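Presented below are the structures under discussion, each in the form of structure tokens.
Heads up, the next two complexes both have subunit A, just with different partners, subunit B and then subunit C.
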Partner chain A sequence: MLKYVGKRLALAAVIAALSVTLLFIIIHLIPGDPARTMLGPRATPELIADLQLRMGLDQPLPVQILIFFGNMLSGDLGMDMFSNRPVATIVFEQLPHTLALIFASIIWSAVLGIFLGCFSAVRRNSLADRLTGVLAVSFIAAPAFVIALYSLLFFAVELRWFPAIGAGEPGDIGDQLWHLVLPSFAIGLSWVGYIARLVRASMLEIMGEGHIRTARAFGLPEKWITYRYALRLAILPTITVIGVGMGFLLSAAVFAEIVFARPGLGKLVIDSITTRNYPVVMGSVLVSTILFVASTTLSDIVNALLDPRIRQSS
Partner chain B sequence: MAITETKSDSFKTRGEFAEVLHHLVRDPLGLTGLIIVSLIFTAAIFADWIVPYDPIALNIKDRMQGPSMNHLMGTDQLGRDTLSRVIMGGRIALQVALPTIGGAITIGVLLGMIAGFGPRWLDNLIILFFDTVRSFPTVMFALAVVALVGPSLTTVIFVIMMTSIPTYGRVVRTQTLTLRNSEFILAERSMGASVGRILAVHILPNVLGPLAVLAAMDIPTVVGLEAGLSFLGMGVKPPTPSWGSILNDGYSLIRNTPWIIIAGGVPLILTTLGFTFLGEALRDVVDPKLRGRR
Partner chain C sequence: MSKVNIEWTKMPIPRRRFLQGASALGLAAGAGAGFPISAWAEGSTLKSRTYADMRSLDPAFSQGVVDEEIHAPIYSKLIQYKPGREWGWQLDAAASVEQVDETHIKFSLRDDMGFTNGFGAMTAEDVKYSFERIIDDDLKSTNKPDWGPLDHVEVTGEREGVIVLKNAFQPLWSITLPYITGNIVSKKAFEEAGGKIETSAVAASGPYMHKSWEPKQKTTLVRNPDWKGEKAAFDEIQIFHIDDEKTAEIAFEAGELDFTRVSLASLDRLKSSPPEDSTVDEFPSLYYAWVGMNVENDKLKNKKLRQAIQHVIDVPSIMEAAYFGVAKPSTGIIAPGLAGHREASLVPAAQDLAKAQELLDESGAAGTKLAIDVLNKQANVTAAQIIQANLSQIGIELEVRLHEGATFWTLGDKSAGDQWKNVELLLNRFSMTPDPYYATAWFTCEQVGVWNWERICIDEFDKLHEAAQAEGDAGKRDAMYRRAQDLMEETGAYKFLTHEATPVIYRNSVKPALRPDGLPLLRYFAKA
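== the complex of A and B ==
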């Protein structure tokens, strides 16, 4: 097991390093100069040269990448040229808001998705199963930001059931949770569909396996077999999907944060693009990429802990 | 001899196509998807003739109206007819989705086949590339690129294409790995067929089925991403009507009129539903093992 964890962590480190490098290369392959973009059309050549020097853009690309890696490992993501504060501080101030949104979405969508999947699998090929299937597909297809806009329109603006903007009063957990309802509904909805389908498929597969047949032959009650034996195994793939889903949720969170004017990484990036605050944009994208790599790695490791077949095959 | 072969091949293909269509029409979900997708394509192709008004013509006198006989979906803050903008928006959505997916499939197929058929080190290298590209949250990656080059349709297409390549590449690689040791490929090899011929003539046709399913399922994602980026002001530039920019207009006027948001969101939801239903039904046809498991 330790060997597997070591290998998986090494792979994650390589992928994280490569994605940072790839981001760097893409940025440099794109025509245009970040310093010029940041300063806008009225910048003088002296100003541009000065900013290039401060951002290290005058160095050759490999040197820039090495300097960046060195700084990143010591937790330095550069300085925000506008507020003169470290980018890392700004990004980590906003990160908890995004994480709270993502976790709230994962929790409610996993609970409902696992319930729906189980409900469908037990009633295989019935009308209820088919309806749940169509519902699940429709949820998957629904774009998160449209759901966000519609729920803002109906539940906040028209019906006034939920707050329309912000993340709630700092320190007031109840208020903060209240502000999480609509955004987490918007970005979690498609996950309900994914998880329901996944749990249904793996339940059906497991219900046909030998150990379940043996349990039936022993005369154990059907409910016991379904919930104690089958469901426990059937929710395993959900863990992998949630790990991979982190990327989608990070993307969807951008829209939810803009629509509901919530603080968070997404809003930070959009605001920074509007003010051409290039180091903050890059810092936020990097942190979200590393977060995504970390979550897929973690879900793989948890999966291997729970399922010995995975660590043996690798 | 060669002519007979081509003839029988084309008959076979036509037969398969008819069979796929037959299955799609018999599946309620597939039929719904097919109808929605056909309507979207028809509206996008004939948009110039269908639109009741010029989608970018200003008419301040009639601004922010609700639905009426003159303007079925109402008008926006500049008096532009929302229905006309929605129809034209469909064209933009497909103009982004089709080249993006076409490009991603082409590159994905190429890399996937090389990974599956080439030496082990090349396979590892390509897989590492796929994993790296997949490690970016798509929207964040798109925003990073847009921050530097400014918003445009080309940027949107480039970014979404880049992030879609691994999806196709991985499927093609797995299929190629399964096929490379099958008897008919070994026979071809022993007869001295070149790698290029084996890949193009024998492997490619076998990977197209799953790719069609993936592409149908991927179109909603691409359309949603384009609309999402345009909603954020990072996609198409005004006054070009995109579903995302219509939603953006509606968002800024959400307390004045609900109609613009409703009108901008419905086609987006319909498109994603239509393609997803079609993809689901197609998968059942391509992979009969899954039939009835939905």
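== the complex of A and C ==
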């Protein structure tokens, strides 16, 4: 198992390094002068040249990449040229908001999705199964931004049950959770559908396998067979999907952060790209990439822990 | 208060200004004129919105209106913009301000002004420090141009001093003193902080003080307990940083904002059915949008072709489709209410197809294919599509090239390579401050390839721009800026579109204090 984990971590490091290098090149190749954007129209050519120098933009691109990785390894993500604050501080200020949104979305959608998937599978071809199927597909089909806007209009404007903007008062966990309800609902709803369909399909496949038939032949209770044996195996693909889904949720968080005026990594990346604030773009992209790679690696490791066949095959 | 206020556009600006500020302020306060009277309510919070996050609490590094909305309530200035429908100013930290001659402005400070955190009374040394640090090359302040020809500030007493200019500078009264560079900071506090600050305030001198900044979310100001002036109306002001206007509108409708600018697209809906207990108001904006033509581009060196384009673009159609009928066609780069505004442009806003066809025939450029570069905002895209349709009426095929912000803003930049040569038509929009000098500054010869992307260089224009900055006679100054815009238009390189509009919405429980262009002066907001 340790060998497997080691391999996965090494691969994760390579993937993260390649992704960040690629993004570094793309960001620097697109037109737009960060110094001019940052300093605004009143900046003199001397001020612009000075900032370009301080940002290291006078260096060739490969040198800039090497400097970035060198600094990164020593824990220095650079300085934000707008606010003169360390990029690491800025990124780690925003990160908890994004993580809270992603985890809230994953948790509630996984709980509901797994329940609906099991519910459908054990009532295969019944009216309840068909209704659940229709519901799940509807969730998948509904664009998240539509859900976000209508939930805002209905729950925040019309009923005033939930707040429309912000992430809540710092230090007030209750308020922060309250502010998570609508955004996590908006980006998590389609995942309920995905997970429900996935769990149903996996459950049906597993329920037809030999060891389940054997369990039935031994007279074990159906509930025991379903939740103890079938679900444990059926949930494996769901864990993989959730791991990969972290990346999608990171993207979805961008629009949720804009629509709900929430702070977060997605909004930080967008704002930084539009202003060509390279140090902040790279810092936030690096952290997002690490998050994504870490979540897929973690899902692989959890899968290996749950399924000995994966460990053995690796 | 009206007696001591000098209107920039309605009255000639005299060579000598003399303001008996202290007595006038007392009279005005007694009469309740000038700005709203606070309700003195406890436990109250005002929730406002800016379209971007705060960048810096240091006036030397303020990035414009967003930072200034936060700075203005926490820092005092010698003079402040006067809320209302006409541009003007009123005394703030100054008890009096006197223009002794073209280059000397004498001031005395009120004796009740001071700084928080134990930094003591506001003195003339603080004023000197605040103004001179902006022009100090070592500080590298991006706002240095706003201080124009400042030479130095002479301290003549504990609370008295003289601002000494190298030459006359009229925008001093409209941009410099009442805006970003006019904020007075504590010399001692800033020096203790190393000469400049970032996002943590060190000492406030206004009715509010900075409490917290939650990046990408909000800035909170609280009532300054040391403030000796008229008590601030709210215990707390929460300024939410919301870039998306639609989100801000929803937040307002959900009761989470008390004041916000709204989108032009929503104005009709909000006016016909405003949210409960709220008021929608419209203000003219100072922004200016226009279609520019790069006269050094091979295709557009042909002046007749440029003039044909000027006449074929139908601005009223653009106003209807792109600005929802809310904005009005402009006559130039200087908005109504400011010196130099023209009542009419040389080329009418509406399309003159026959004239355009005639000019095109004379140009010999029939069948030309052109491209227009556009920033990817909805209003711009719609406007570009209408221009495309307009040009097709005289057989000109127009390609619309969309760009995101950072790319668009380097298109005409000569330091970014040769891409400026490919610029043909541009749909452009500049922000503006309430002085015409700020508009003409970008179209001089020196600015060719910097912000002057039409690359027009007119000697007379440059001379007018220079001379008008110093001209003390309002009538002459007005004529100079009108002439400058005539010169721009005569080149055929400009078709002026609009100054846009600033619709705002506010809760009826709030009495907003707004500049004539609809921007909030939060320190003067009161309870209704």
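Structure notes:
We adopt the following convention: the second predicted complex is superposed on the first by the 285 of 314 C-alpha atoms of A that agree within 3 Å, B and C clash if a C-alpha of one lies under 4 Å from a C-alpha of the other, contacts with A are read in each partner's own complex, and residues count from 1 in each chain.
Everything below uses one rule, namely that a residue touches a chain if its C-beta (ideal position, glycine included) is under 8 Å from a C-beta of that chain, and two chains touch if they have at least 3 such contacts.
Since we're looking at a predicted model, the values are computed, not measured.
Of the two partner chains, subunit C is the only one touched by A:L39; subunit B is not.
Legend: residue contacts after superposition of the two complexes on their common chain; A:T238 is shown touching neither subunit B nor subunit C. In the superposed model, A:S295 makes contact with neither subunit B nor subunit C.
Once chain A of one complex is fitted onto chain A of the other, the partner contacts of A:I165 are limited to subunit C, with no touch recorded for subunit B. With both structures placed on the common chain, the touch criterion links A:S83 to subunit C but leaves subunit B unconnected. Touch counts on subunit A: comparing subunit C and subunit B, the chain ahead is B.
Of the two partner chains placed by the overlay, subunit B and subunit C both lie in contact with A:V259.
In the superposition on chain A, contact of A:D50 is made with subunit C only, not with subunit B. Once the two complexes are laid over each other on the shared chain, residue contacts for A:I140 go to subunit B alone; subunit C is not touched.
Contacts of A:S151 after superposition on the shared chain: neither subunit B nor subunit C is touched. When the two complexes are superposed on chain A, the residues of subunit A that touch both subunit B and subunit C are 30-32, 34, 37, 152-153, 157, 258-259, 273, 276. Touching subunit A in their complex are the following residues of subunit B: 29, 128, 131-141, 143-150, 220, 224, 227-228, 231-232, 234, 247, 250-251, 254-255, 258, 261-262, 265, 268-269, 272-273, 275-277, 280, 292-294.
Subunit C makes touch with subunit A in their complex at residues 53, 55-56, 63-64, 140, 142-146, 198-199, 212, 214-218, 240-244, 247-248, 250-251, 253-256, 404-407, 409-410, 413, 415-416, 419, 430, 442, 451. Taken in their complex, subunit A has these residues touching subunit B: 14-16, 18-19, 22-23, 26-27, 30-32, 34, 37, 125, 130, 133-134, 137-138, 140-146, 149-150, 152-153, 157-158, 201, 204, 246-248, 250-252, 254-255, 258-259, 265-266, 269-270, 272-273, 276, 278, 281-282, 284-285, 288-289, 292-293, 296. Against subunit C, in their complex, subunit A makes its touches with residues 30-34, 36-37, 39-45, 47-48, 50, 82-85, 90, 93-94, 152-153, 156-157, 160, 163-167, 170, 258-264, 267-268, 271, 273-276.
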